[in-house]
């Protein structure tokens, strides 16, 4: 049993995998923070999606009125969805890229730029910063993911 | 060829990986069931997003009126989106955690609690149960994912 | 260091993994194209979610009027979300399936059918084609993912 366990420690010994695991965890945690940010805006703006969520703010008609939208809540929701749309491909393609044996320096460059882009994107969306701040941070992260996809295809293509 | 094949069977021999694969498949299948649940509510409540989807219910003005929202459809859609927002980080961080060589007992505890939380969350959302039922099931699953992220970082941190 | 690197090249040598990496990258890239398609429709239909995005089209009241919905934008957004809901389970379950040591021919069949279905689904959604074109392409991809989940469970079940 401990022999079997030992086999998977190859991942912990591989620097590219460790770098991927570190940056992937950072961006996934960042994405998870959007849930808490949404809750914060829902509670402070008193704008809920479900009647049962308004229970601590009133009952009857008072409660029903709190089932509503609010621009600040909508904004953080869009930011969260944009994270899903971009971090899912980064995780999937990035994992395959990390397993396809890239150079460590090249891998680190991809992971670091993407992570920086998504953090900048979040601030640009929530503050909000004037365009093209948000657009550029999105686009650079997008190109980084494409670059990893190109490298995966070059290493493993099997149709 | 069979030699190459053999190499990846290390995963099937590793208990932590097998546990992750089992629970990850369960929560992903649970998430997929939300698609069918949405279809069920769309068909029974006659509330569609696309005009071409109303074809078996009428034509012309009758059809156009069925392109509408319905509270029951919206509720299951929100539940599905909440699954995406939480099961994606669980899958990503959980996979990295499983590959970082944790104790089997500790890994099983994480996977089992998260899976139970998401199943409870679904029932709490769709019935719906009064709060804080849904809130708690969401929060415990969230903390479990954070705990795995902490363990990944402790094992592999490489910035 | 190069010894550690070498260990992960097992993946590049394994045909099932290479096939998974190829098809998973194709569907993830396809999903990423929905972002660009959304931008294209937003710019040509002049329908934006954020006031700061309208900056090149006007200021003041003119700009505010461009923060609106448009049926073409909504349609591509729904197509993108449907991709997320279906490609996330495909990636997760498909990766576990690829690591569980399936027959190459069986794995290729799963990956190819799913990939074809999602490409057909996108055209069926955006053109749009009359039903049941889109419904069928969704359903076949769904069944393929279930079939992989069944095979994962058969190989690794550990509760």
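We call the chains A, B and C, going by the order they appear; numbering starts again at 1 in every chain.
In the analysis below, contacts are C-beta pairs under 8 Å (C-beta built on N, C-alpha and C of every residue); 3 or more make two chains touch, one makes a residue touch a chain.
Computed from a predicted model, the values in this text were never measured in an experiment.
Enquirer: Just how much do you need to spin subunit A so its Cα atoms sit on those of subunit C, in degrees to the nearest 5?
Expert: Result for this pair is 120 degrees.
Enquirer: Copies subunit A, subunit B: same or different interface, half of numbers shared as the threshold?
Expert: Here the answer is different, because the shared fraction of interface numbers falls below one half.
Enquirer: What is the distance in Å between the mean C-alpha positions of subunit A and subunit B?
Expert: 16
Enquirer: Considering subunit C alone, which of its residues make contact with at least two other chains?
Expert: Residue numbers touching two or more other chains: 11, 15, 17, 84, 88, 95.
Enquirer: What part of subunit B is in contact with subunit A in the complex they form?
Expert: 10-11, 13-17, 75, 78, 84-86, 88-89, 92-93, 95-96, 98-101, 104, 128-131, 134, 142, 145-146, 149, 152-153, 155-159
Enquirer: Would you mind writing out the residues of subunit A in touch with subunit B in their complex?
Expert: 1, 4-5, 7-9, 11-12, 15, 17-19, 21-22, 24-25, 28-29, 31-32, 34-35, 49-50, 52-53, 55, 80, 84, 87-88, 91, 95
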